[in-house]
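Here it is, the structure, as structure tokens.
The letters A, B, C and D name the chains in turn, as written, and every chain counts its residues from 1.
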Amino acid sequence: MVKVLFFGQLKELLDCNETSVDIAEPATVDDIKNELKLRSERWANLLSNGPVLVAINHSMSMSSDQVNNGDEVAFFPPVTGG
Amino acid sequence: MICVQKDDFNLGDEYQKLIADTNGEGAVVTFVGLVRDFNQDNSVHGLFLEHYPGMTEKLLLDIVMKAKLRWDLGKVSLIHRVGQLTLSEQIVFVGVTSKHRESAFQACQFIMDFLKNDAPFWKKEMTDKGQKWVEFNEQDKLAAKRW
Amino acid sequence: MICVQKDDFNLGDEYQKLIADTNGEGAVVTFVGLVRDFNQDNSVHGLFLEHYPGMTEKLLLDIVMKAKLRWDLGKVSLIHRVGQLTLSEQIVFVGVTSKHRESAFQACQFIMDFLKNDAPFWKKEMTDKGQKWVEFNEQDKLAAKRW
Amino acid sequence: MVKVLFFGQLKELLDCNETSVDIAEPATVDDIKNELKLRSERWANLLSNGPVLVAINHSMSMSSDQVNNGDEVAFFPPVTGG
């Protein structure tokens, strides 16, 4: 199981700050994204359109990066500074 | 010392901590960022700053460590506020001491540039017409690129 | 505001003056210089700073005006102490506010570089072996040249 | 008459922080310097050797610059910063 977090406007639009996804290893960020997109048309649109960044265990990552059970994966829009 | 907090901070107090037990560092550079009205029509009266707890502290520590590797620094302090902030409130503090003023200036600017670019903060503006998430700032990306 | 004085100053107080009645300036950069031991053998325990009253104020005002022409600044404060100073005492303060942090950093550094180069200050070091006038510093000349 | 000031190490070595010189206009900084050098061999040496900077009425000036009655002329070593 992978813990999934959302931040910023994405969190608001999805109306969700935290969820979880079951994965079959080996899995990538894209696999998790595809799993989340199945939840609704709205989720599918929001996770497909616009730049969505991802971090695995607090480190910026790419769509093709591997995700393991127990990881924390976060999706968010481009950061808008301090 | 790195702190992400809702509470305000006091520049005088932070400065005293920076210059306590100095080891020949004669230059102290501080930066304070205040909440300002980013729009042209003066409609912003506050903002809400969201962050990614855990990742924020990690990113800020990374930036400070990079600065310490690059310049000969004494102490570095970084405080970033999150949550609800009103216009002209303090939002960020960076303080750097060094033996050389050039290093202190450069490191302080470096930390601010990367903080603006890398740290997982998302800003929502409170305006007369409602709330609005701030768009990604190309200028900040450019500022960090030069280093 | 420019001040050449024997008295010490308080960074917290100077900062409060800088951010009072801000007009959208969201960036505040301050520099404080402390008396440090310039020699390798740790023998300096203080210094005496002589200046040319009248000319000092004129030169410092010139430098601040040049910075204000070059960058879009809010307020600029400059305090320089003279007379007898001991190790680790505060000697100079420069504070700059601006709408943009880049301008505030640049202007503060510019003022310090020219102050070191142009202002009529002469430094005499108090060491265990007696008093010694400080020689002209080539590094400071180079720092001002880049602007 | 021109008011003459000395600063820094030069002041200490001359053992004088202020004096005055009578000039016949038109006069230059060099004319004043030469007048001062006549006071003693020590003064002549100190004002000839090493870099001696000059300011007329609080503005950095050159040896060939003109000095008028009532001006304030200052001689000093290179400044050593704040």
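Keep in mind that, in the parts below, a residue touches a chain if its C-beta (ideal position, glycine included) is under 8 Å from a C-beta of that chain, and two chains touch if they have at least 3 such contacts.
Everything quoted here is computed from the prediction, not taken from an experiment.
Novice: Taking each chain's centre as the mean position of its Cα atoms, how many Å separate chain B from chain C?
Specialist: 24
Novice: Provide the C-alpha centroid distance between chain B and chain D, rounded to the nearest whole angstrom.
Specialist: From the centre of chain B to the centre of chain D is 50 Å.
Novice: How big is the gap, in whole Å, between where the Cα atoms of chain A centre and where those of chain B centre?
Specialist: Here the centre of chain B sits 27 Å away from the centre of chain A.
Novice: Could you tell me which residues belong to chain D and also touch two or more other chains?
Specialist: Correct list: empty.
Novice: Mark out which residues of chain C touch at least two other chains, giving numbers and ranges.
Specialist: 33
Novice: Connecting every touching chain pair, does the picture come out as line, ring, star, complete or other?
Specialist: line
Novice: On the basis of the stated criterion, which chains touch which? Give every pair.
Specialist: The set of touching chain pairs is A-B, B-C, C-D.
Novice: Contact residues on chain B for chain C in the complex?
Specialist: Chain B residues touching chain C: 10-13, 15, 19, 22, 24-37, 88, 99, 101-102, 104-105, 108-109, 112, 143.
Novice: Once bound in the complex, which stretches of chain A touch chain B?
Specialist: Against chain B, the touching part of chain A is residues 5, 7-9, 11-12, 51, 55, 58-59, 74, 76-82.
Novice: Given the complex with chain D, which residues does chain C contribute to the contact?
Specialist: 33, 49-52, 54-55, 58-59, 80, 91-92, 115-124, 133-137, 140
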